[in-house]
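Two complexes follow with chain A in common, the first pairing it with chain B and the second with chain C.
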Partner chain A sequence: MMNKSIEIIIAGRRQRRRRWIVVTTSLAALLFVLCCAMLLLGNTIYPVKDVMLALLGYELKGVSFAVNSIRLPRMLAGFFAGIAFGIGGNTFQTMLRNPLANPNVIGITTGSSAAAVFCIVILHTSESIVSIASIIAGLATVLFIYLFSKGKSFSIGRIILVGIGIQAMLNAAISYILLVGAQQDIPSALRWLTGSLNGAQMHELPPLVIFVVIFAPIIILLGKHLSILELGEQSATSLGLNTDKTRIILIISAVFILALATATTGPIAFVAFLAGPIAKRLVGVGFSNVIPAGLVGANLVLASDLIGQFAFDVRYPVGIITGIIGAPYLIYLLIRMNQKGEL
Partner chain B sequence: MKPKHIFQAEGIVAGYDDKAVINKISLEIPSNKINVIIGANACGKSTLLKTLARLIKPTSGKITFDGKSISKIPPKQFARFVGLLPQSPIVPEGITVADLVGRGRFPHQSLFSGWTKEDYEAVAEAMEIMNITELANHHIDELSGGQRQRVWIAMALAQQTDILFLDEPTTFLDITYQVEILDLLTDLNQKRGTTIVMVLHDINLSARYADNIFALCEGKLVAEGEPSEVITSSLIKEIFGLDCTVIEDPISGSPSVVPIGRHHVTNGMHSLGNG
Partner chain C sequence: MNSSIDSKNNLLKPHIPRHFIAVLVACLVMLVLCIIASLVFGSRAISFNELIAGLFHQNVDSYGANVVRQRVARTVFSLFCGAALGISGALMQAVTRNPIADPSILGVNTGASLFVVGGIAFLNISTATQYIWLALAGAMITAVFVFGIGSMGRGGATPLKLVLAGAATSAALSSLVIAIMIPRSYVMDQFRFWQVGSVGAANWSSITTFIPFLIVGILLGILSIAALNALALGDEVAKGLGVRTGVLRLTAALAAVLLCGATTALAGPIGFVGLLATHVIRLILGPDMRYVVPMSAFAGAIILTISDVCGRVLGSPGELEVGVVTAFIGAPILIIIARKAKVRGL
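Now for the complex of A and B:
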């Protein structure tokens, strides 16, 4: 009897694990293809061999500049920002058990954007100061949300409501700055509001890469803890999880990579919102969703950027394309949550 | 058989937002027994349970487990001895029964490990006890209320604790499922010696299934002991403000509370209730 039960359980888990492996491998393979496409496609399509040689450091006239100075940084920025948005968004959504509780909606990325716009339009600071300010602002936004929603006990509803309120205030601040700012500053400020991989440069990337390489693995390692947090405060505590400590580590890790990604590419619309739910739909429930969410995020960014660059007569920044994909999903989600009475 | 543990509370005060819901309660939980906490709504039953299970920090007083203050025991270690099933646990969307029950293994697992042989055995055993083996690979969303409750208890069982706290495990269930859940918990207590501490709403089922009753009234412990000693019409009057007569349950011989309302009263029971 007992052995038969164990077999049933093992069989079920094996099936779910196989699905996880197949989906995750496919996502990684697709991501590889998209990365190659980012390097190969452009105004001029160079032979694969030339692109490879250029990447390996050989000087080829025209090819080296296009590949190493334009396409490679663009691809890397999209790759790492996509992973950051995917993992960071999924962390908040899982921890707060609500797909609406993502960094775009509760104002974390808006905090970064507002600081950047303020620095560009009002203070006219250098680019590196803009980046640093946006990171600090992202962390400060989370701190504000945390302090304002902190009661005697942890409340998800309060966090989301306070977050939406703060986001509205920050958006008002951004609108005001754009209104009083000088016309010539507006275009570079707008880049911070839609998100774009245009003009990504190699020397801007190291902070984002370093933070993703440090903090994404922390979140991946805590995947099991995240799935216990998902059971709610009481169950998690009675299962022996130190909920406050776990939450703080997860929030800090997620905010660092989100703020850095926003600082590098701007808040690419809806990627942090879409990646987690899409990954969950693909891999199912039972095994950690963190890695698939990161892969989906990177795939979304790179695929949308390729569409934005090449599908139309005019080139659109990546944020416009992800916005077009994401907005209908947000509406669908709201309708579905409304039907289920979860709103 | 589960080992004997000494679980004591001394003068504990606890509540929410500085308002004391339970006030200076001292008790010792009889080991390897079924304990039921009874009392009117908002009298602090659930708060007492949560405070004992470490979900709420008492503002004063102390709780000790085998002589050690529970706040000094590392959370994971405590979770290997004491489990709690909350009143309304949260279901992650789309999870299967086996995976949910498996999450009860968390306190036994390390950061990196996958499921070990012990994990599979504990999960299989818990599911067998709760009769949900055939549901193993179903989604929780597809189950009925009674089945769901058995899944949650199975998760707490997979935790393999010696002491199990349950906050109203039968609320919102049909009477059939209420009895089924209480029978399963009694099996667990009799076969394994698991100490059970639960909050129940139904006073008669409490009297039938409990070895020991804790009666709360307005945050104070007003009576404690075997149901046959504790459940009297004067206690029911004190904690619920209800006039009643207590008869012997024809099935179990335990006390059974028959309320006296303003209507449908015959046989001169009015005078009995009021006297």
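Now for the complex of A and C:
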């Protein structure tokens, strides 16, 4: 009898593991296809062989410039920013145990945006300073939200309300900076309202890539702890987890990658919100969905960017597409949570 | 025994809040000070003689006198807008029975924005009247939508549900706003000045366009005041007292949206004035809507005008638009309210 139930548990676990592997591999495969599409598609479609040669460093007239200076940086920016938004957003959602508690709603990316806009439009600083400022602003925003929403007991509602308040202030600051900015800066500054891969350049990418390569693995390694945190403070402590330390490491890592992604591409709307819930639905419960969330994020960004570039007469930045896809989902989620009485 | 008779008497006679007279006088004094400050301060300060010349001697044609005449329109406009936002905030909070209802938080402003941008882009609108009607339509539809989502499920429209519905709707609509703007740089150029919320571009014609909406909004508001008090006791009690809650809600909400929609159309989205005004007044005078509504109008006018003066002084030689100033004053207040409110209510 005992053995049988253990067998069932083991079989279930095996099944979930299989599902996790299948989902993750398919997401990775899809991502690879999208990356290739980003490199191959454009105003002119070059033969695959030429694109490969150009990537390997051969000088081909026209092809080299289009591929290496325009399409490759665009693809890399979308790839890494997507992973960063996916993993960062998922971390907050899991830790606070509420899909609505994502960086878009509680205003973390807005803090980074405001700092980046200020540095670019007013101070005209270099990329590295923009990155540093947006990280500091992101951390400061989290700190403020934490301090102001701290009360006798932990309340997700208060965090969200405080976050929305801070966000309103930061948005006002951004609109003002855009208003006093020179007219030629405005189109490029628009990306701070919505997020865009337009004009991504190779020399802007290193900070984002480095931080994603360092901090994403940290979050992935802590993925198990993240799942335990999701059970709630008491269960996590009784399972032997040092909740405070884990939480701080997770928050700092998530904010670092979110802030850098925001500084590089602007706050691509709703990716941080969508990736976690989609990954969870694909993977199911029981296994950490950090890696799938990152992959979903990157897939979302690249696919939306391809749609934005080629589906309409006008080229729309990626944030518009993700916004139009994401907002109805957010509203749907709200309606469902309201009906279940989870809020 | 005695005390119960006392309280009965209190209920029966028209009860004037304790500090009402003092608050009324203080408001009037502050209003006058505000008006003077708004005429005098700015990127160029005005001397007393210039002020008198500008106001009362039409034949004097000095630079300072002309500046004062310009500022008169701006001041009148900001007083009207502030009053409209104050009343609108008070009504909205009463109708939704929600301490943080404000057009900027509920996404109503973004709805108005979307319609105005759509109008600029697709219908070539340019006059103030066209702006108003489109913004009103947008504000109205968004308000109904947000309130519909927010009040689903158990417990009705709690503050948190409403705020989240507002934030989500606002995010969705602003994606659409930007999608309309991107291929049309001329829209962007008009829109970014409107987007930030300012009373700086006011002139007499925008004021005359605004007045009918203000009057209708105020009349509708006055009609619903008495019954709103009953509504504050809860829907069942209100029904028991013979209030037709559905009709009442509709009237008051219509008034609120009319006032804030018209303001948004002409001045752009200005947040938090209604929230702030109503809270200050309710804190001092208590919850009686007969006093809260009119005094919120005063408070709103004062807050908006002071914010505008601050913006002009701080932003000199340019100016800091009033929408930015109110957001910076109002958001901390929202945070304080969020901290004070009972966790359950959130």
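Criterion: the second predicted complex is superposed on the first by the 318 of 343 C-alpha atoms of A that agree within 3 Å, B and C clash if a C-alpha of one lies under 4 Å from a C-alpha of the other, contacts with A are read in each partner's own complex, and residues count from 1 in each chain.
Convention: a residue touches a chain if its C-beta (ideal position, glycine included) is under 8 Å from a C-beta of that chain, and two chains touch if they have at least 3 such contacts.
Note that the structure is a prediction, hence the values are computed from the model and not measured.
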{"item": "Partner chain in contact with A:G240 - chain B first, chain C second, else both or neither", "value": "first"}
{"item": "First, second, both or neither for A:S5, with chain B first and chain C second", "value": "first"}
{"item": "Partner chain(s) touched by A:T125 [first = chain B, second = chain C, both, neither]", "value": "neither"}
{"item": "Which of chain B and chain C A:S64 touches, first, second, both or neither", "value": "neither"}
{"item": "Which of chain B and chain C A:R16 touches, first, second, both or neither", "value": "first"}
{"item": "First, second, both or neither for A:N198, with chain B first and chain C second", "value": "neither"}
{"item": "First, second, both or neither for A:V285, with chain B first and chain C second", "value": "first"}
{"item": "Touching both chain C and chain B, counted on chain A across the two superposed complexes", "value": "151, 153"}
{"item": "Complex contacts: residues of chain A adjacent to chain B", "value": "1-2, 4-6, 8-13, 15-16, 97, 151-153, 221, 224, 227-228, 230-235, 237-242, 280, 284-286"}
{"item": "Partner chain A, residues of chain B touching it in the complex", "value": "16-17, 50, 53-55, 75-80, 82-84, 86, 89-90, 92-96, 98-99, 103-104, 106-107, 109, 111-112, 115, 120-121, 123-125, 127-128, 133-134, 136-137, 159, 165"}
{"item": "For the chain C and chain A complex, residues of the former touching the latter", "value": "100, 104-105, 149-150, 152-155, 158-161, 163-165, 167-169, 171-176, 178-179, 181-183, 185, 188-189, 192-193, 195-196, 271-272, 318, 320-321, 323-324, 327-328, 330-332, 334-335, 338-339, 343, 346"}
{"item": "Chain C-facing residues of chain A, complex", "value": "100, 104-105, 148-149, 151, 153, 155, 157-158, 160-162, 164-166, 168-169, 171-173, 175-176, 178-180, 183, 186-187, 190, 193-194, 269-270, 314, 316-317, 319-320, 323-324, 326-328, 330-331, 334-335, 337-341, 343"}
